[in-house]
Amino acid sequence: MAPALAWLTALMVVPCALVLTLAFFRRGIYGGIEYTVTLENFGLVFDPLYARIFLKSAYIAGTATGIAVIIGYAAAYAIAAAPRRLQPVFLFFAVLPFWSNYLIRTYAWIVLLNREGLITQLLRWVGYTGEPPSMLYTEGAVIAGLVYNYLPFVILACYAPLSRLNPELGEASRDLGASSVTTFRRIILPLTVPGIAAGAVFVFVLSIGNFVTPALLGGGRFQMIGNLVYDQFLTVNDWPFGAALAIALIAVMLLVLMAQSQFADRAAGRTIEARGGADG
Amino acid sequence: MNEPRTLLSIDRVSKSFGRVKAVEDISLDIRENEFFALLGPSGCGKTTLLRMLAGFEPPSDGRILLDGRDITRTPPNKRPVNLMFQSYALFPHMSVRANVSYGLEMERLPAKEIRSRVDAILTTTELVSFADRKPEQLSGGQRQRVALARALVKRPRLLLLDEPLGALDKKLRGAMQLELKRLQNEVGITFVIVTHDQEESLVMADRIAVLKDGRLLQCDAPRAVYEHPCDRFVADFIGVTNFLQGKATADGVLTSNGVKIAGKVPNMLSPGVATVAAVRPERIRLFPSPETANRVAGTVEALAYQGLDLQLHVRTPLSDKPFLVRVTADAVDRQPVSAGDQVELGWDAADVRIYAD
Amino acid sequence: ADLVVSNWDGYMAPDAMEAFKTATGVSGEVVVHATNEEIMGKLVASGGKGYDVIFVSSPFAEVLNKLGLTEPMDHAKIPNLANLYPEATKLPHDVGNSFSVPYTWGTTGLCYRSDLVKEAPTSWNDLLVPSDDLMGKTTMLATDRWLLAAGQLDKGFSVNETDPAKLAEVKDLLISAKKNLLAYDDTTFYSKLVSGEALMVQAWDGWCNYGIAEKPEIKYVIPKEGSDLWVDTMVVMKASQNKDAAFKFINFMLDAKNHAWAAQNIDYKVPNKPAMESLPADFLAKFPNMAMPVADLVKFEQLRDVGNAQRDYAKIVSEIKAAQ
Amino acid sequence: MAERSPGTRRALWLVLTLVFAFLYIPIAVLVALSFNNAGLPTAWSGFSLKWYASLAGNSAILSAGLNTLIVGLISTTIATLLGTLLAIGVEMRRQFGKGLEALIFAPMIIPDIVLAIALLSFFSMLNVTMGLQTIIVAHVVFNLAFVCSVVRARLKNFDWSIVEASADLGASAITTFRRVTLPVILPAVVAGALLAFTLSVDEFIIAFFTAGAGKASTTLPIQIYSMIRFGITPEINALATIVMAVSVVALTLSQRLNREVIGQ
Amino acid sequence: MNEPRTLLSIDRVSKSFGRVKAVEDISLDIRENEFFALLGPSGCGKTTLLRMLAGFEPPSDGRILLDGRDITRTPPNKRPVNLMFQSYALFPHMSVRANVSYGLEMERLPAKEIRSRVDAILTTTELVSFADRKPEQLSGGQRQRVALARALVKRPRLLLLDEPLGALDKKLRGAMQLELKRLQNEVGITFVIVTHDQEESLVMADRIAVLKDGRLLQCDAPRAVYEHPCDRFVADFIGVTNFLQGKATADGVLTSNGVKIAGKVPNMLSPGVATVAAVRPERIRLFPSPETANRVAGTVEALAYQGLDLQLHVRTPLSDKPFLVRVTADAVDRQPVSAGDQVELGWDAADVRIYAD
């Protein structure tokens, strides 16, 4: 534990703190830093524009998260139910596509989905003559792209707690008269909420910081919130404001995540001051 | 009483795990409203049998009938049968109350009824003050009681209890035994209980089945099993017994060193066959009257104080092992014996059981 | 290596470094960056340590210079500066090539499928307020300055306009144009033209040429309101430990033969007179915009660093992207 | 223990089939394009191995591929180790303030660009030589958090009494970790490692900023993102195809090896 | 025997979980080579106490000394103490053999010695044929034996056993008890054992401590605890007792309905104080001699056959609850009683214990 914390402190806390304190200064005219202390950057953060972008990207990331969690959980469940020796193989094949490159995968989707793409050609081949469906450069395409790319992360995260769930708990529930659906809802699901929560966090944070998928599959029609910070640092060269935006973003996400983690703990039945030795 | 109705029929059921045969060809009828105990050494297949009755484990062979209906493939939640797990299987994310309510919620009972039934069973199991705790915050015995309460509160037709009271102290166990009996009589639940507490099974059960290596050896009323074990294993397994090896004669056993033990020899044992005579320690009297059929002199080797009684270890010429004799502390107070004393032991021919060896 | 050059991928001959070594004995390597913004960020954050020569577009070169990260060009060490068109030595962002040397230059205009559009476009308006048959079949560049430039030129404003009122007009125009667009795209627009997915796109001239190479029906036009003059430049980092080699390298790139390679293989105009004059006629015929007279080209206004107004530009882009 | 009904089994297989179809359809396109004669992903124009040939001659891509592998493997190893230990530390005694919780989540939510710039500024402040090592160190920062999350999800349902039992039997904390905790949570650790590796081999911004100036620390994403100006050539598809094929072969071999060495 | 040496001192130890006080101010000395039993109702703090001795739970207060050295903060793996967990805590990924070998491997013993010691203990615990199974493939009792074997094989100075035999049948339990005794004598291990089996603790333990609600009530030799419980709770908890409520007199108790019970009144109970007299069922004789100090007539309400003995429920004027009387089956054979019979009961004044109520 100590080495990990040391690593984080030396290589995340200190460097990021250095950069983020820039939020209290001012952009120099040529994009450098003017070292006069000010809070004006934080004032700018409250422009409704940013709230709108935040909400929009949270909505897109949230939808992608929801879909990815449902599909990913189902897949993880099926993998965990497969014979023990096949499970690592399934996991491996679930991530294998993602060792190719993000851009190439995204291009493959473009090849499939664009108006003159494979799907359209397939439709034409079976005799469809109308206007080709427009599947690209929409919110839906972005969500699909995010779901696709982050699905394996959900599978991995959900598989973790599913892999060694005490089967007797499910049996006890069935025995007490619960249908398999109820057993799932009231026993299995709550006990695996930590995995779902972790997977959801992955999809959400990766989506909200993503810039390739909105640009390529969304036709650049909207930005994710992560892009905004990127632009401040690299396009505008306004590090102070970028830092302020980043701080706001981190703060909001931290609040959400900590609420989530508490919820996951509660759902899994963990209590403070509890000790080991629970059955299972 | 009317002829008892059969509630559950176990019909030539077997179960294997790979090469391990956990249950082999067991047939049994459990009667309506009966208190049925499953006994047998560790690993003999008791849990496996209960799991098949509850519907978790499909038998490798055979059928299970409830009220004459084949339920071999009926899923657990469709059976009016509940199992209390040996390992409890409490829901770790739910409070004690939630664990206990769960089964009633599944029946969609009105919240008020659930509440009152749960309150009642929590009171009986002395768990009221723990109602809001999570299982991991409980002691071993408290967990066991939650598992028990969770099963009892459902009041199913047939309740399967896998060592329900093992982690409880004697007092609490007594109270729980009373509660089980009450449910049997008042609610009319049929019980199948696995226990390692022989006294428990002898006192509580209407019938006892003794299993060994996955097979059924004997199924009978407790007193019958205790007094007339069907074979040497059962005699040894239930209670304490002195065994004397020898050969069958017409009216008893001739031990290897030439002493004759009087007793009734079963027909199937022809004279000369290797046999074993069994006598319970409590059937043996110190300083018997001269008419007593079997008498032997010996030396007291040890006295073990057992709270209620004394167990004497008496060295006799009958066998290499000391003879066990059980006397009340009270009797010893009146006629003291101590280690080294010469004593005479005696027992009636009717108290001798004779088995093939 | 003695020399590290950071360039866009494919923006110079693959064997340029080997040839340079043969010619000068200096060994070096080329690393790639994806965008101006990213290499800028990296140079600013690190002070440019480790890099010697950087290829960036002119506004970024300008900022690098203002931040004091560039080394003044030692003209004595770059005799091939003489190959530059005179106009290329007086570019407004760096008159006299004091800290940068132009590598390529060109225009931003409309690239379209002449076989599929009803009428050839002539104005930025044809993109911003497209005819019915172009609805959903046009793209604009995604990069802030060029995206705004389309609106600024259409409105007749400077491409470096900072007046908030005028910028607001541009913003409204671009927001209203958004609903007709297929996408914002500054990397694959030409392949969209090739496939027919898009029929008209805002494009850099050279990049339109990639489309033309695949499909001759693709044409490039500078709208009547004009274009910007974009210039990609080479700069030497102040932090460089190999400045002599760096100047040698720039000199090498300005060699007529080498520079001609760039023109002919990446289909961008280069500000190198002998190089341009060496281009074969059929090449120029195939890519008419390569033959654009330098005098016409330099009439256009260059994108300049706009200082703190850059914030407003970025915010406008954000607002456009955030609009429904 | 108990077996599942055939209906349930069929449903589970259906789920797997559909999910894997979804995952592999674009991959099929990607692989097909690597054999496509034409360079533009517009239409099929005949089978060709020419992209594999040109890949073989493209030292920049090959060396970038190797660098990526190195960064991926090393950063995954370190992050898996540190992240797992961190998860165990945090879950074993859950008496931590919000501060620690925030510290653990932070690497996941700090915008990439902030971490990238922060690390670069920090490294150059300290005059650290940039190269693969700095990319690795940077990737560990966020990967550690991801691994930690996955392992923590598993540890929420972990029976800690076995850890106590191990200590009771005389095992040091390290031995307990190696022989008891790790084997029991191994599926989650493997899941975390796969996740970390996947993130690392695809990461661009942080790698770009923390890379040294030079080919020696150019990774594949850096290379590929810069190639996007000309559209992606099928060379990259060929490389991706090879990467996946090699991975499958490696897995098959290791499985076979496992079975032979360990038996069963 | 020499004056026994103290191995472990528990010095005013307390432990709270949040608001729950699991152990309160317990002081105890465990002697070298002693077999020490912890008794108490479910949830009284036994497991918590053992966990503190093993080093898993830092006491909220107090110290623990081993050989006079303060080990309160010594980590578990640095203590020559082993705990067998109530919930077994088997390593799920290891075979039975690997589970049992683990502790010896930690001591870096030679592989050969490990093998032979493990083989020996697997034989003793009748686990040889399961050596290669994983815990999940075992029955409940088999798992418990693995946990036991894993603890025993280490032969620590001090072995803490938390209900080590609860899931075993009587026969196997007997064999394991012998093995524990053997280890105590031959290897010189000191045992602290939690058990709910009173007979077990009475027979096996050198001393017994009775806990209630986290507090220590009595600590003494088994016979002393059984014969002279320090208070009403202990009397009730250990064994079976008849309680008779009333007021103290100079030489006994006057029950509410005016019957005098002769017995020795402790000094602290001044006459008139509410008291309770306790008599063990086995101390009561049927048809006592006229000199017997306490005599009462009653009606047999029920006879419960208990395998070895008969328990009579006798309705008497002494209290509302039936009086429990324990007689041997043998005695009843000689002088039959059945429900409804009038009987006379009697017991000596020395058999009466008197407590504050």
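All chains are identified by letter, namely A, B, C, D and E, in their written order; residue positions are counted from 1 within each chain.
Definition applied: a contact is a pair of C-beta atoms (placed from the backbone, for glycine too) under 8 Å apart; a residue touches a chain by one contact, two chains touch by 3 or more.
Per UniProt, the chains are A, D = Spermidine/putrescine ABC transporter permease; B, E = Spermidine/putrescine import ATP-binding protein PotA.
Quick caveat, the model's predicted, so the values are computed rather than measured.
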{"item": "Neighbouring chains common to subunit B and subunit D, by label", "value": "A, E"}
{"item": "Distance-maximising chain from subunit E - centres being C-alpha averages", "value": "C"}
{"item": "Leading chain pair when contacts are tallied as C-beta pairs", "value": "A-D"}
{"item": "Centroid distance [mean C-alpha coordinates] between subunit D and subunit C, Å", "value": "36"}
{"item": "Averaged-CA centre spacing for the pair subunit D and subunit A, given as whole angstrom", "value": "15"}
{"item": "Separation of mean Cα positions, subunit C and subunit B [Å, integer]", "value": "91"}
{"item": "Whole-Å separation of chain centres (CA-atom averages), subunit C against subunit E", "value": "90"}
{"item": "Residue list for subunit A, restricted to those that touch at least two other chains", "value": "110, 116, 166, 168, 171, 180, 191, 233-234, 268, 272-273, 275-280"}
{"item": "In subunit C, residues with contacts to at least two other chains", "value": "38, 41, 188, 195"}
{"item": "Residues of subunit E touching at least two other chains", "value": "17, 56, 85-87, 89"}
{"item": "Sites on subunit B touched by subunit A in the complex", "value": "54-56, 75-77, 81-83, 85, 87-94, 102-103, 106-107, 134-137, 143, 150, 154"}
{"item": "Subunit A to subunit D touching residues, read off their complex", "value": "1-5, 7-9, 11-16, 18-20, 71, 74-75, 77-79, 81-82, 87-105, 107-112, 116, 118, 148, 151-153, 155-157, 159-161, 163-168, 171, 180, 191, 194-195, 197-198, 201-202, 205, 209, 226, 229-230, 233-234, 239, 242-243, 246, 249-250, 253-254, 257-258, 261, 264-265, 268, 270, 272, 275-280"}
{"item": "Contacting residues of subunit A [partner subunit B, same complex]", "value": "166, 168-169, 171-180, 182, 186-187, 190-191, 267-269, 271, 273-280"}
{"item": "Touching residues on subunit B, where the partner in the complex is subunit E", "value": "17, 20, 39-43, 46-48, 86-87, 137-142, 144-145, 162-163, 166-173, 196, 198-199, 202-203, 222-223, 226, 236-237, 239, 280, 282-283, 285, 304-309, 326-331"}
{"item": "Of subunit D, residues touching subunit C in the complex", "value": "40-42, 60, 113, 116-117, 120-121, 123-124, 130, 205, 208-209, 212-215, 218, 222-223, 225-231"}
